[in-house]
Amino acid sequence: MNPGETLRRLREQRPLVHQITNYVVMNETANITLALGALPVMAHAPEEVEEMVGIAGALVLNIGTLSSGWVDAMLAAGRAANAREIPVVLDPVGAGATRYRTETALKILDEVDVAVLRGNAGEVATLAGVEAEVRGVESIGASGPAADVARRAADALGVVASVTGPIDHVSDGSRVVAVENGHPLLASITGTGCMSSAITGAFLAAGNGSALDAAAEALAAFGVAGENAAPGAKGPGSFHVNLYDALAALDPAMLDERARFA
Amino acid sequence: MNPGETLRRLREQRPLVHQITNYVVMNETANITLALGALPVMAHAPEEVEEMVGIAGALVLNIGTLSSGWVDAMLAAGRAANAREIPVVLDPVGAGATRYRTETALKILDEVDVAVLRGNAGEVATLAGVEAEVRGVESIGASGPAADVARRAADALGVVASVTGPIDHVSDGSRVVAVENGHPLLASITGTGCMSSAITGAFLAAGNGSALDAAAEALAAFGVAGENAAPGAKGPGSFHVNLYDALAALDPAMLDERARFA
Amino acid sequence: MNPGETLRRLREQRPLVHQITNYVVMNETANITLALGALPVMAHAPEEVEEMVGIAGALVLNIGTLSSGWVDAMLAAGRAANAREIPVVLDPVGAGATRYRTETALKILDEVDVAVLRGNAGEVATLAGVEAEVRGVESIGASGPAADVARRAADALGVVASVTGPIDHVSDGSRVVAVENGHPLLASITGTGCMSSAITGAFLAAGNGSALDAAAEALAAFGVAGENAAPGAKGPGSFHVNLYDALAALDPAMLDERARFA
């Protein structure tokens, strides 16, 4: 893992991250992408998604406020990304909460070659068909139930599974990398999961070719920014503001020092 | 009125508040719901709204950027909520400004059993067919033109009418409760009305069964948070940030002390 | 140019600015419109756009997350605005990036009488059919490549072209006004271009009848607010917050002193 090196390259290359995401977080994931040093673009019209993804370094699909027209756009963009070997991130927001979300996420996984599936343990376990009682379970290091969900989901779905929580677990089906950065205040604002998916897209675009490395490095970068945003925050509002400042100020050397992989 | 007790219960239960709302405020109402201590979910696809509302504690419908597909989803979700006895809040943003908004709000009121109608005096008066010249009129306590709009709208529409303004008035058609909390800076940012509707949904989900109490308690909680957010604010931007911090920091005992019902 | 006088009039009149804009920035442009002193309304349903624009002082069309239904609404609203002599601003976000965006912007320019086209040099050059190599080129005063793009686009498209960048250039085809206000941090957050288009709409509504003056005055106001927002900002997050505070605090006399037209 070389998160500092990837971050340095990302800021030199400024990759375009094409995001077809939900209405709730569009401004937030655009701003977090910019703060990181990459360039966001949001486009969902069937008339343009294939052309837009062709100039992007990564595609991020997020089903947080899905509807049928948007799902079609995600599938078209995903297939176009695959044809051009542009890495795809899927954020299956709410999979398990309704059948429509579960089925849509599975359909995308079936029809699109997804590089990284980034979700919480419940969402990822649902999609992998894993019986997971991970709620409230604190996992330690690269073992425990959440690590197991990541490893089994990666194996079953043929993706890198990036399972975020108090400790994050990223797996390609054989290795599991735990990322121990982050801060509880990240759970106090909406869309931090979606932000981490956008950052994952940017790291994939700038990475060394290993989706496992890029996904884990992205979570370390976001987690360290969260840690830096917490001091001085008086609650979720000021933490949210600080988070953009902290990500923009994230220093590659400091990131390498502070990243905690296990 | 026991706003502190309801807030305490809300934070223990963490009810899910299903919101079909406008594009302008989705992030803001999600974050205000989280800051309060409840859980937001946004979902508008016809394929899932009925299933989603089934796991929610309240449903909030907001027509701020309506279009026909969304209106259909609101109606379907509203009927499903009614069948499951899940309370429904309607925020008729812009009723009176265009016929489409007025007619849509009336259609929802006709087809869905709305527990609380939360709007400004002009919007609510329009829907109740009340001739109201409330613009610029400062109402005092539980009387005056705005109080009258609330009482008459509640009576005519069979809802609890929650009419917000410099002083808020909540009525079930017989009683009128005035809520005298709040701060002028709340009018300086967009979506504070929509936020108060989301908070009303959360209080309904956690309340004692009286929609009148829940609606008034919600406005007191939001108003006190607004009061606490103002000191130190340099304008609408910093006030907006402080508002989330203040709501997350809202203490039940302090809320009981500071709430001003008349 | 009398930006202070226009700002004073704007705050007295509080014009309604009807915006059909993109999902990413809706909250931000609504809040920037409010902070300036005007009133925003977002409405895109074909059932209401014509009626809504009839009560507005200006219409702002922005294609940042366009789709076919929204484009139809933009055209209908634009034609209704023209019939009522309500000025129209077009923000051609991403023109040149995909054919769909370029063709849609050209279609709007063809079917609607656009008062001000507000975009970056690449977007405006694309629409004007001008071969522009403006990327990275620092223009000085009212000459240089960006000034040329503005003048030629205004001439070719029959609009006031408002080309923003490190230095902004506004032209009606004969005169070119350079606006030298602003701050590099404005480029660190998403949607500042969209915000400047919303502000342009408000200035047109309150202006002296010259679209050239209104467009240049709007950019000066936004630029000075950006300058005032920068001190104390620790990054894009806190700058974003400060920007609303600074715009709300913008004093007309100070604006006249600080505005730098060339």
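Think of it as A, B and C in the order they're written, each chain with its own count starting at 1.
Here is the rule we use: a residue touches a chain if its C-beta (ideal position, glycine included) is under 8 Å from a C-beta of that chain, and two chains touch if they have at least 3 such contacts.
All values reported here derive from a predicted model rather than from experimental measurement.
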Rotation in the CA alignment of chain A with chain C, degrees, nearest 5: 120
Same vs different contact residues, chain A with chain B, by half of numbers used: different
Distance between chain centroids, defined by C-alpha means - chain A, chain B (Å): 33
Junction residues of chain B, two or more chains touched: 23, 27, 240-241
In the complex, chain B residues that touch chain A: 23, 26-27, 30-31, 34-35, 40-45, 47-48, 51-52, 55, 69, 240-246, 248-249
For the chain B and chain C complex, residues of the former touching the latter: 22-25, 27-28, 64-68, 94, 97-101, 188-191, 234-238, 240-241
